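Following are the structures in question.
Look for chain A in each of the two complexes below; its partner is chain B in the first and chain C in the second.
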Partner chain A sequence: MENINSPVSPKLEDNISTIQARLGNSPDLVIRTYELINRTARVAAIYIAGITDRVMVDDYISHVMSFQALNDHARLAVTPEEVYSYIKENALSIGKEKLVTDINGLLEALLSGDTVILVNGVGGGISGSTCGGEARPVSEAATQVAIRGSKESFTETISTNIALVRKIIKNPDLWTETMKLGDVTHTDITIMYIRGIADEETIQAFKDKLQEIKVDMILESGYIEQIVEDNKYSPFPTMFNTERPDSVAGNLLDGRIAIFVDGTPFVLIAPTTFFMFFHTVEDYYQRYDISSLIRMLRFVCLVISMYGPAIFVAALNFHQEMIPTPLLINLASQREGVPFPAFVEAVLMEVTFEIIREAGVRMPSPIGQTVSIIGGLVLGTAAVQAGIVSPAMVIVVSLTGISSFATPAFNMALSIRMLRFIIMAIAAFMGLYGIAIFTIMLIAHLCSLRSLGVPYMTPIGPFVPGNLKDTFIRSPQSFTRLRKRLVNNSKRSSASPAGKRAAGRKSDER
Partner chain B sequence: MFMKKEVIGPNQLLALIILFELGTAVLVPIGLESGHAVWLAILIALPGGIVLYLVFAHLYLQFPNQIISGYTRSILGPWLGWPVSLLFLPVLLYNGSRNLREAGDLLISASYDKTPILIINSIMIIAVMYILSKGIEVFARTAEIVLWIVIIMGCICIIAVISAGLVEYKNLFPLHMSDYKQALKSAYPNILIFPFGELMCFTTILPHFNKSRKIKKTGIAAIIVSACLLSFTHAIEMSVLGENLYSRTAFPMFTTITLVNMANFIQRLDALVMLTLIIGAFFKLTVYCYAAVAIANDLFKVNDTSRLVVPAGVIMLFSSFVSAQNYSEHMNDGKTFLQTILPVFCAVIPILLLLIHLVRRKFGLYR
Partner chain C sequence: MNGKGLLRLIAIAVLVLPLGGCWNSRELNELAVVSGIGMDLVPETDEYRVTFQLVNPSSTSTSTSPGSGKPAVVVVSATDKTMFGALRRASKHVTRQLFFAHTQLIVLGEPLARDGINDIFDIFERSHELRLNSEILVARGSDAASVMKLLTPVESLPALGLVKKAQNTSSVWGENRPISVFDVIHGITGEGDLTINAVKINGDAEEGKKKSNLEGSETLTETVMSGLGVFRQGKLIYWMKDSEARGTEWLLNQIEETVLDIDADDKKESVAVNIIYSRTEVKTTIENGLPVFHVTIAEEGSVNETDSFVDLSKREDIMKLEQELEKKTRAEVMQAFHKGQQLESDIFNFGNELKRTNPQEWAALDGDWGRIFAEGKLDLKIKAYIRSTGMSLKPYIPEGK
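Coming up: the complex of A and B.
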């Protein structure tokens, strides 16, 4: 194959033609050749337009080639080697300069947005970081909105994202490690953690896992999430994603690891627990009583969105005696003209709701709202008036739908929505008994999950009384001076330097 | 591959024991002969239950890594020990299947009168198999979480019953001398064996306990808590229903809760009782199934724990509805079983094992 890695040849033309051949004569490849006056050397500056910052490139080139100023003095650089070393020294000022000796390294540098300087007669090149190009500016978080708190959200540029977190945690112990993943895409991945708070073995285990990844592409952090997850067949997400820097900062301070992926504003956080998906950063910004109530409300919503239609179906099919008599008569009269059994009715409405929701998400936002209004009002009212569903079912389904939006984490809300259909089917088949048995199985399943070694149901199974202060409720700051403990269920968590871990821990889980 | 040993902590053991003890015992009438002093009988049986537990715990401390079939063979020698341990298998499986049957029958009488018992029981067995295939650690953690659910539901039920004004103390008092005698008679051995003696199953779970120093404290706390809850629940049931109704209904707790009517709105909390029953029976069943599987694994040297779960579950499922034609026959069998076979395996054999062990150790008969 032609893609063999050859060293940079001393002949400039050869190198240029190799690079052009390797990049398929790409039009965005810019090669500027200079003939240095009075000197024997020819110099080429190569970069790719669009992913580089023009001003930086011009600065860089003019800087490293500033021979003119020295022209009056002795003939400083005559031979190509001298020119090369002169450029090398000058390149120091641009920063991030490195020497490339082979074509692959050169290409990698080019494709990461570097500008490479080649000198005719020298088998090597100097690259300087000039990466830039168009990027979305830091804007307000679109998916995880908070009434109070920082309005910043991550962007698609990894360096910006890391900087956003650094601005919050100004601590030398905030460490990052970078690697490239994806055999084709060469995506930049950065792991961030706070040394001394995050568990070192967990970090090491996680890094090993990342190194083992052999995939062609990493287009979004979701790729990493799916590859790294221990429980691939579980409906529940074991990694948290956020686009809020303050949320990442809070989780880092809890001893978690953040994974930044270039090209996406969604940063992964691991290890997670089930309850983390129902917490928001805002809980800590508001007063504790309000936050606690809102948190409990979220858990109520969780129950409603999971069991709402299922319990309704079960009560109508199997347990009519559970419903108070006047209400039962009311319900029965509503369902008088409805030709379907309750389960079919519920599935019909739930599926309609899902279709409206999905269509609304994909549509451009002005049309999207129209879809929801038309779908919601027209279908709901019309379906009732046409006698296809009963009004009570519409209420149950819409309540369920709204409740599912009260879960702050979108991926968790999706899992719950999926389970809702299963539970509904079971309720139609076996009533409350089926629901109970399925719930026990579900709890067992949740208990069997682990996220990077931390049991998923941590504060309640295994029971960690200290963490309960910040799970279902958010107790006042003065009660929660200790940071939550990430139980790792092995001896080492107790054996690790306890003093360091326990010292001055503040509680926050985001 | 090296598998990390599964461990359960004190909280989890506590939760498991409480759920196991409450299991079906809160639902069915226990200590039939004790009359209206049933709550007293439970408390009288409590010390005996603790002593029995201490026997199990002591045996565990002597042989920390072995389950009951393991140390039976160590104590009695392989030739006698193996068959004796083998005898535990049918007892555990049958007793587990009895729980299944009771749960299934209650469900049928409550609201599934058109569903075959096979379907109801097999759904529960499938859940048992699923949870056991996840391992004892997951099971213990599940118990920990579910205990909270049970406590919340129990509180709601009890508050509902009390605030509906159904409790009548004249059904509980006065207690005469004869009542005390009756209570004592039904406490030993009936209540001692069911539900306390059934803790024998935990001899297979204790080796997973990670803080062996706390084993006695945890167990005793769990037994006291569950005995108090049991006694309280049965006292409420008795006070609401009266002695006559209590002894005639198959599921006194269920009958009690159907009487609740608050403001014509909160009328029937049957669902809560049914959920309690399902959870209790489920956990008891799972513990039995686990015990049987663990003993079978140990006896037949099967290394993969989850391989025998399916056969054990299927046996339980079938014996649950093959063993008796109807519920009264089932109850009759139960009485005989409770009076003859269960005491031997729950109390006599473990106590004998401990005595033989002490004698052998004292006289240096272990090689």
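Coming up: the complex of A and C.
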């Protein structure tokens, strides 16, 4: 194929035809040629319409071409080389400009939204960043809503996203590093951290990991998350994602790394601990007592959404003596005439619930609500009246479903949803005994997980007593500690870096 | 964990899961929940007749389908030489497996109680389903089956109703105390003798089985708590009631709350004192080879009603009432104690106390404790206080009327 990289040819026609050939004569490729200095110098401006900012392109080109008028009086340049160096030094209206010497670099610049100026007779081009095009404006967060706090959320444009965080942390130590990943998509990836707070080793290890990635495409941050994950077979997510700049800022200040991917508003955060998924930025905005209670409520909801139906099935099938007598009689009378065993009944209801939920998510939002109302109320009531399921089961399943919405992180909620079915099946086989065994296995597994070398269960295993103030509860001190670290910018004053240090970098040894 | 590890985990799970094999998985609608068990002796044999009160779930009030007018319980009986035999023999009569973990009540028939109960409780200890904390009652003047068959107003489950009745009267009236199977086994294995709450059927037992019995505002046939049955060597020998029963509870430190009517100056038993706190401490000593029981009762009460004039705003009058209260309490306690001595039956737990505090001396007294107890002395100290006079001081009745 002709995709072989070659240097930019001194002949303009050759270059133009190469570019056209490489881009398959794409109609959005715009090539404008100008003859300058009494036709002695031929200059071409090349850009791709749609991904460039029209105003900037016009400005850039007109600025470059204004050279003609100036030159007529001053005779600044005659040869193509002189024209080239004049443009290079005077293409002032553009912030970022660089020189390209080969065709691949030229194409890359074009596809990133740059405008490239070629001069006939010179084997090189000047690329000026004119990237722009249609972008969604910064709007309110759709998935991570906070009652109190910033209403901004990330967009699909990576530069906007980085700027949103910079606006919060105005500190020279907020460093970013950019790379392009995806052999086909050439997606921009930026990692961001605060130098001095984030662990250098972790950053380096993570960068190495990113550089090793060899894939065709990165379409969303989820690709990176799944490629980088230490343990691909774990049901638990080991990276946190958010579309809130304040959440990213808070995590950066905790010594974590943020990974921005162009084209998605979801920014990855690593290293991640299990308990992070149950914290929200709003915990820090509301008063600590309320935040603490709400956090504890979330953990209660975690237990309900994981174990609710399992414990119900276990108690009903194996441990009838555990249920208080009046309740047992009540349940027995409800189950009179229900044709299925409790487990089948539970699975039936849970699956129905999942169907309703999935349908509701994919539906256009006005219809989505109708689906959940019809599904939830009508189906539930009808099933009870038809005697197919017992009312108590409907209560348990709905409570479980609602509890799973109380987990702030959607990806964690999904994991728990999945585990719920496994636990339910085990409960149907072995009762509470099975639930206990599974829980032990689950906890062992959670303790074995690491996210970028940090144990997943920090601060419970390894036990970091200081961090408990900001795990199940949000003590008033956690706030002032955060302030202190920001002011003197000292290394490791609290929170997760302590756990990180204790943990070392074991993940690399595996 | 890598892919291999995951495969291993799945393999382990697949192998381990069926090991449990849901061997004891039972659906709720395959169970017949037993709410009460009645135990009787079949006359002239040594077989037990065991009566089960089974909950009928479809006719309880919570059922989604309206309760079809059937009674909430079904009663079946089975006869066998052993309790467990009878339990299993009952399967001939019921469609579902009996489930005992929610048995609230055990009733012993009077003939069985008179014959002796020492040997029937083994199954309660041994079985993982039967509970040791089920209430136990002894039927006064009837067999246990008739008590089990009786329907109760208000409560849909008769057994539960009886348990609540026993607990309710124990907590506010004090002639009974909650006695569980565990307490009875404790009493049998410990020193001395035991008492069990008695229940009596008022009215026609046959009528009480029918739902029509519950249709009037007044239930013609009903069960009434009726003091205590005194057991000596595991055999029922005497029914204690009223002040005897309450005196016994007093000596056992089981008074939670009770009411004493004490004398005022001008009218007998006209001041109702609600005892809200009572503690009994027992010390035993041996003097001249005979036991002396030093009992200290501290009680506190509040005047809840006076039907004659008592000036409750005066400290002296209150102290007079306190003396009366003490006198009344002493009379009840002494009455119970003398009855116990007369029966040569130590139902007051004195034997256990003596054995615990003075094991050497006890060794000499063991063997003939009943008689020795009967010769023992009671050294009774009572401290009675009146702490409150309710929401008013002087009664509205003028003095001297």
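Structural remarks
Criterion: the second predicted complex is superposed on the first by the 469 of 510 C-alpha atoms of A that agree within 3 Å, B and C clash if a C-alpha of one lies under 4 Å from a C-alpha of the other, contacts with A are read in each partner's own complex, and residues count from 1 in each chain.
Following the convention adopted for this analysis, a residue touches a chain if its C-beta (ideal position, glycine included) is under 8 Å from a C-beta of that chain, and two chains touch if they have at least 3 such contacts.
Model, not experiment: these values are computed from the prediction.
In the superposition on chain A, A:Leu316 makes contact with chain C only, not with chain B. Of the two partner chains placed around the shared chain by superposition, chain B is the only one that A:Ile443 touches, whereas chain C remains out of contact. Shared-chain residue A:Pro391: touches chain C; no touch with chain B. After overlaying the two complexes on the shared chain, residue contacts for A:Tyr233 are found with chain C alone; chain B is out of touch. When the two complexes are overlaid on their common chain A, residue A:Ile329 makes contact with chain C while staying clear of chain B. In the superposition on chain A, A:Tyr433 contacts both chain B and chain C. In the overlay built on the shared chain, the residue A:Gly337 is in contact with chain C alone; chain B does not reach it. Number of chain A residues touched is higher for C, counting chain B against chain C. Of the two partner chains placed by superposition, only chain B is touched by A:Ile460; chain C is not. Overlaid on A, the two complexes show chain B and chain C touching the same residues of chain A, namely 318, 321, 325, 430-431, 433-434, 437, 441, 445, 448. Contacts from chain A toward chain B in the complex involve residues 318-319, 321-322, 324-325, 430-434, 436-438, 440-441, 443-445, 447-448, 455, 457, 460-463, 490. By the touch criterion given at the top, residues 4, 9, 11-12, 107, 111-112, 115, 119-120, 123-124, 127, 130-131, 134-135, 138-139, 141-142, 144-146, 148, 264-268, 270-271, 274-275, 278-279, 282 of chain B touch chain A in their complex. Here chain A touches chain C in the complex through residues 231, 233-234, 316-318, 320-321, 325-326, 328-338, 341-342, 384-385, 387, 391, 426, 428-431, 433-434, 437, 441, 445, 448, going by the rule given at the top. On the side of chain C, the complex with chain A involves touching residues 1-3, 5-6, 9, 16-18, 20-22, 24-29, 31, 33, 35, 55, 57-58, 60, 62-65, 99, 101-102, 104, 129, 131, 157, 160.
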